[in-house]
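The following pair of complexes shares a single chain, chain A, combined with chain B in the former and chain C in the latter.
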Partner chain A sequence: MSLPARRLRAMLVKETWQILRDPSTILIAFVLPVILILIFGYALNLDTGRTRIGISQQDGGEAAVSLAGAFRQSPWFDVVATGDVPHLKDQLVAGTIRGIVAIPQDFSRQATRGGGAIEVITDGSQPNNAAFVASYAEGVRQNWAAARSARPAAAPPLDLTLRYWFNPGSISRYFLVPGAIAIVMTMIGSLLTALVLAREWERGTMEAIMATPLGMGELLVSKVVPYYVLGLGAMVTCTVVSLVLFGVPFRGTVLALLAISSCYLFCALGQGLMISALSRSQYVASQIALLAAFLPSLLLSGFIYEISSAPVWVQWVTRIVPARYLIPSLQTVFLAGDDWGLFLPDMGMMLLFGAVFFGITLAKTKRRVA
Partner chain B sequence: MNRWLAFLVRCRAMIVKEMWAVLRDPRARIILVGPPIMQLVLFASAATLEVKNVDIGLLDLDNGPASREVVQQLAGSPNIRALVRLSSYADLAHAIDRREVLCAIVLPEGLSRDVAARKPASAGAVCDGRRSNSAQIMGGYLAQIVGRAGLALRGLPADTAPSGQSVVRHMFNPNLDFLVFVLPALVATVASISSLSVAGQSVARERELGSFDQLMVAPLRLSEILIGKMTPPLVVGLVNATLYLLIITLAFGEPLRGTLLGYYIATFFFLTANIGLGMTVSALAQTQQQAFLGIFLVAVPVNLLSGFAAPVDNMPLALRIIAQADPQKHMVVLMEGLFLKAMPMSTVLANTWPLMAISAVTLTVSTLLFRSRME
Partner chain C sequence: MSGAATPAPLAQALGVVKRFGAITALDGVDITILPGEMTGLVGPDGAGKTTLIRILAGLVDPDGGEAQVLGAIATQARRERLGYMPQRFGLYEDLSVIENLNLYADLRELPQGEREATFGRLLDFTDLARFRTRLAGQLSGGMKQKLGLACALVSKPDVLLLDEPGVGVDPVSRHELWDMVRALSGEGVGVLWSTAYLDEAERCDRVYLLSEGRLLHAGPPADLMDRMAGRVVQIGVPASQRRERMRALRASGAVMDAVRHGESLRLLLRAPVAEVGGELGLSADDAIAPRFEDGFIDALGGADLAESALAAQYRAIPENDAPAIEARGLTKRYGAFTAASDIRFAVPRGTIFGLLGPNGAGKSTTFKMLCGLITATQGTGSVAGHDLRRAKADARQSLGYMAQKFSLYGDLSVRQNLAFFAGIYGLSGGAARAAIDHVTQIFHLAPFLDMNAGTLPLGFRQRLSLACAVMHQPPVLFLDEPTSGVDPLVRREFWNHITALVDRGVTVLVTTHFMDEAEYCDRIALIYRSRQIATGTPDELRAAAGGPDGPPAASMEEAFAALIRAADAEREEEAA
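The block that comes next holds the complex of A and B.
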């Protein structure tokens, strides 16, 4: 074996031992992914279920009683409070209910004449839920009115049949779980790496390594490879858990998944190294990594919030968030199948970002030591 | 009296030392205040579940009055940026696969004929289920738009609902503006992450650098050390909370409808709860790296269970119970209440006591852990 190869091997062995010795790293690679997937699968549910509402029934007539009954039996609402509107509004302020349905005094009289208006008051502090309450309350009322009226409601002249490709049931879990994988890889790639190298700087062991004949490139490779393996391991853990536990479909190939993940890890590792080389302090590195890597990959990657809905300047900011290029490919490889025409441009962007990050790291390290 | 004076003097010395430890590094000073504010502004703009500016595909096989009406209605929608004309089903599949369009409408052959003959007609739409949430929202818009077009074609008024109506009023946020919801929730999110990480690093850093032993042999009581350790994250958190308040009220024009006292009471106990969590992690960690990873392990669930990303109401019962122990969950309720609902003091306090309880538990646990480490 040639000398550089032996040198590199020795460094790789050293770095790998350093990781394996610290139990917290293993915790991060295998326990955190499972916890994250569980939370993403169970807690991040964007599909609204039953909503708690209050009913203020101000009319004792037959129609009012019947309509209140329709709300109680609706699968969309849990009627947890009754009383007058001011009393229910206090509960709306406290957040114990999300909406109020008020059936006014002369409702039954109006209803017998073919009218009848109800009042729906929602908690606008949760806009999505408020829109849901408003439209489903009107739905309950319309169904109730249609069932009571003698003539059937006329069919609309033109309607729309909706189909959702790749995810016919529109299950939000299916697109959130691939997002969780992105978070885990960001965590290991950027955050952990930033911290590890910053520690070497802080303790002065970096200078010690630099005094050895080891080249800067070899040093970076030896630092990066073990974390790359760790990142892939976490990705596999995530994938297996999401397939087994949540039945998320996997329609692409393992090769595509590995290729996409590798490109992202290259980029994330580069970002981590760059943060550590620029900060050289674990404390500062940890803060920057959290702010520059973790939060953007959660909020600016298009994984929960649609990028096109954001203002134009924010859309430009998302272009420098590496996870933005990962999420579409990951969602595709899980839900749709291989589509290299979609993958390759995004993989190219991730590699480009990675190369820039590594370049900055190299330049910064050389200049500082010389 | 003398003992109290000595206690105060030692506390003061410890606080001065800790504040210096945090503020000494100029980069650290910037990091404590700059990024939290940037995040507030950036994420407030990004975090929206509305669907706007999307491209919609159109496969028009009808080419009649009905399709012209639908196209006209689609063009009038503020949520749609561009209508992409598709020439075939293969074209449609490609546009969806490549994510060029979020949804594509298919107007079948003979649609105009059916509408003119007063037969019930139906158009189709295909949406990208990989982005099922946005797709569902967009699908809802499209169904409304197509329905309206149908009514217009028959010359009917836009509202043909069965007799009667619902008069809807959205309290606190009449236009259901998402920003109004996001800003208060972000105060909780950003403050949580910054206070957790500052508190989490404090002891771990000393232990790694070896200065923790010095602290142990110094003539200080444990309580004095802990008060000193708690002060910097508390001060930083309160300063940031004040800045957030100024930005939200002045830059975003969103008033604080509740009381200022309520805002600071909520923030204070929210910070102590987070500091307790952070110090517990810090006491368990041997190195800064472990502390950081531990903080991350705590911060992610705390964040995701808070009801910011997805409503707590939608979670299964077990997670709803766990969420009760999440300080950020209570803080989100408090901030929404204080900013939007003019939450009265009694309700503020009713939502603050869980924060006090979490603070008491976490601070006690971290104290016990430190004590066992000292002996």
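The block that comes next holds the complex of A and C.
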């Protein structure tokens, strides 16, 4: 074996032992991903589900009874309380219900004349909930009114049906879980790599190995390879957990998943190495990694917040967040299938970012301690 | 070094200059490392030793001058022929002994076939064969040091650069390490050994004495010692006359340095005793062998022998027969690990008690238990009559504490630090201002008042730490390694203050790993592997180390080494 290859193998063996013996590495690489997936799968749910409301039915007429029945059958609402408005208001304040639908005294009379308004009371301190309850309650009323008026007549000329492709149930965990994989790979690629190099500086081992014939390129490769493998391992863990536990569909090919992940890991590892080349303390490196890699991947990648609904200048900012190029491809490979026309440009962008990061790292890594 | 022709140097620095911002770390330094020689690089912390070694190792670019190693510019030298052990050994703590060796064998290009034989030899040499599979992080300080050396030696280098290999290691391990390296230089390796211990310098073939980035001496240590010949005397002075005698000696212009040595005084004169001894009542018979430190002090222009201004203005601590500090079986355990075991001593008012021992022996743990900073697992103690169990806060208020590491606020100015410490010790208004003015004057801090404490030169940082500890004039002082890393002049100044305070009735508990400083103490406890292995006056310990029949040990260092060996033997007997 040639000398450089022997040195490189020795560094790889050393790095592997260190990973295996450091409980925090195993924690970040294998336990944290599972926890993240569980959180995104179970706890963080962007679906609306059934919202608890109370109905104050002040009219005993046929139309009022029928409308209250419509609310009870609605897939959007769960009617958990009835009674007068002051009584329901207490429950609203206590948070046991999210809104009150009041059907006024003369509702049935108004309804027969083609009118009939309801009163919706919501908790304005929770604007999202309030808006949801108000609009869906009105929707229920309109559907109910339409159904009543249509009953004797023929079917309406136009039938508008909303259909979600690729995620027919509009289940948010189906697109959150691929996003979680991006977060996990960011943590391993950028945070962990930045930390391990900074650790070599802090413990003084960097100084010792720099005084040996080891080349700086060999040093970088010895850091990249093990963490690339670790990152892929964590990605596979995440994928298996999300397929088995949450039944997330996987419609693409393993090859596409590996190719996309590899491109992103190249970029994330480059970012991690660059951070540790610029900072030699674990504390500073972890701060930079959190601010420059982790948070943007979480907030500006389209993982949770749609990029297209952000202000234009924020949309421009997202263009320099590498995870932005990963998440659409990942979601596609899980939910839709292989679409190389989409993958290739994104993979190209990730490789480009990686090349820039590695370039800066190489320029900044010198065999000098001061 | 017989033979007329000087061999070609293996490594050389020629007029090397290195600046870090406004600070000049090295100011035109020349150094030569010859094959088969032990070259010593000696100086206090911050003198520039580490920077010079890193320049030779090709890890730092000099701003001026040139460093050459093995015939090439240092940064392009053949690294497989260069052995370098940085101050922190460069070991991977989560790898075992053998895994560390394997790694460095591959990195240093040791051929596969030679590996077994080389490892066997190195493990034998370092006595680490029993610990092949132990993680480096679980080795003791001395064993780590030896493993670090083994890693640097794994492919036999031509040049070996060792950055403070003796720091924090017990005297026995330090001797063993020295002997190992000495053996290598006998085989033709050129060794550079950097150290803050001046006694190590005496044993080198060639010494470079570095102070604030400049060379004070270059050449065989004997050259420096020869200039000291006949200028160092030791005279027995009874304790009752010591102060009187010291005053007379200070008044004389012929004395450059005067320190207590057990029951005697040790003097450095400006000229041989035969010329200037008469007026001081000294004869040529009083002359003793000079030490390297005497040469260092001579090169620095002599110690400041003025009487301590601190003690002159310190309040007199009232007489009291009860011990000022007492430890009654102090024990601290962390899980299965015992950091300090059954430590017992009593320190009478107005005396100095020293805790001596290598790093990690349990000195600081004992210290912190007595300060009330950590709670003893067993046993108790008292400070100035306040029991640690019942009156921890009172005990703390009556002591001044100088921590081992610089523990002031680096980003506050000197003035702000002084004001803060005056405040937490309960001084306010006029009293605080007076105390601050007072210590500013005594410790020459006036020019630095508006400078951030973190940017002070090391000696002044230590002075500021001491100033903060004594501002409220406590009856008891706890000093944890007060002179670590400072040059001999600052050490003299500190001990001058400390001994003068003791004369005012202050009681001092001090730790140190400079064995010669033990001579300043009235009594000493040797702490080794968390146990108190010997207690007594310096003279008693030297006598004990010699055994019942033998002559007393010549130095505290030797005494300590002998007592450690005895303790180890006893331990092994117990285990058997």
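Here, the second predicted complex is superposed on the first by the 270 of 370 C-alpha atoms of A that agree within 3 Å, B and C clash if a C-alpha of one lies under 4 Å from a C-alpha of the other, contacts with A are read in each partner's own complex, and residues count from 1 in each chain.
Operating definition for what follows: a residue touches a chain if its C-beta (ideal position, glycine included) is under 8 Å from a C-beta of that chain, and two chains touch if they have at least 3 such contacts.
This is a predicted model, so every value here is computed, not measured.
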* Asked: Of the partners chain B and chain C, which touch A:Ser149 in the superposed model: first, second, both, neither?
  -> first
* Just chain B (first), just chain C (second), both, or neither: which does A:Thr122 touch? -> first
* Asked: What is the contact status of A:Asp22 with respect to chain B (first) and chain C (second): first, second, both, or neither?
  -> both
* Considering only the touch criterion stated at the top, classify A:Lys14 as touching first (chain B), second (chain C), both, or neither. => second
* Asked: Given the touch rule stated above, what does A:Pro75 touch, chain B (first), chain C (second), both, or neither?
  -> neither
* Between chain B (first) and chain C (second), which does A:Leu3 come into contact with in this model arrangement: first, second, both, or neither? -> second
* With the two complexes superposed on chain A, say which partner A:Gly60 touches: chain B (first), chain C (second), both, or neither. => neither
* Structure fact -> Counting residues of chain A touched by each of chain B and chain C, the higher count belongs to B
* Answer with first, second, both or neither: which of chain B and chain C does A:Ala208 touch in the superposed model? => second
* Asked: Hey, what residues of chain A end up touching chain B and chain C alike?
  -> 22
* To do: Report the residues of chain A in contact with chain C in the complex, numbered from low to high.
  => 3, 6-7, 9-11, 13-14, 17-18, 21-22, 203-205, 207-214, 367-370
* **Contact footprint of chain A on chain C as seen in their complex** => 20, 51, 54, 57-61, 75, 78-80, 82, 84-95, 99, 102-109, 151
* Structure fact -> Listed in rising order, the residues of chain B that touch chain A in the complex are 25, 27-28, 31, 35, 38-39, 42-43, 45-54, 66, 70, 81, 96-99, 105, 111, 115, 118, 120-136, 139, 142-143, 146-147, 149-151, 153-154, 156, 160-174, 176-178, 180-181, 184, 193, 197, 201, 205, 208, 285, 287-290, 292-294, 296-297, 300-301, 304-305, 309-311, 313-316, 319, 333, 336-337, 340-344, 347, 350-351
* Structure fact -> So, in the complex, the side of chain A touching chain B is made of residues 22, 24-25, 27-28, 32, 35-36, 39-40, 42-49, 51-52, 89, 92-95, 98, 110-111, 114-131, 134, 137-138, 141-142, 145-146, 149, 153-168, 170-172, 174-175, 183, 187, 191-192, 195-196, 199, 279, 281-284, 286-288, 290-291, 294-295, 299-300, 304-306, 308-311, 313-314, 317-318, 328, 331-332, 335-336, 339, 341-342
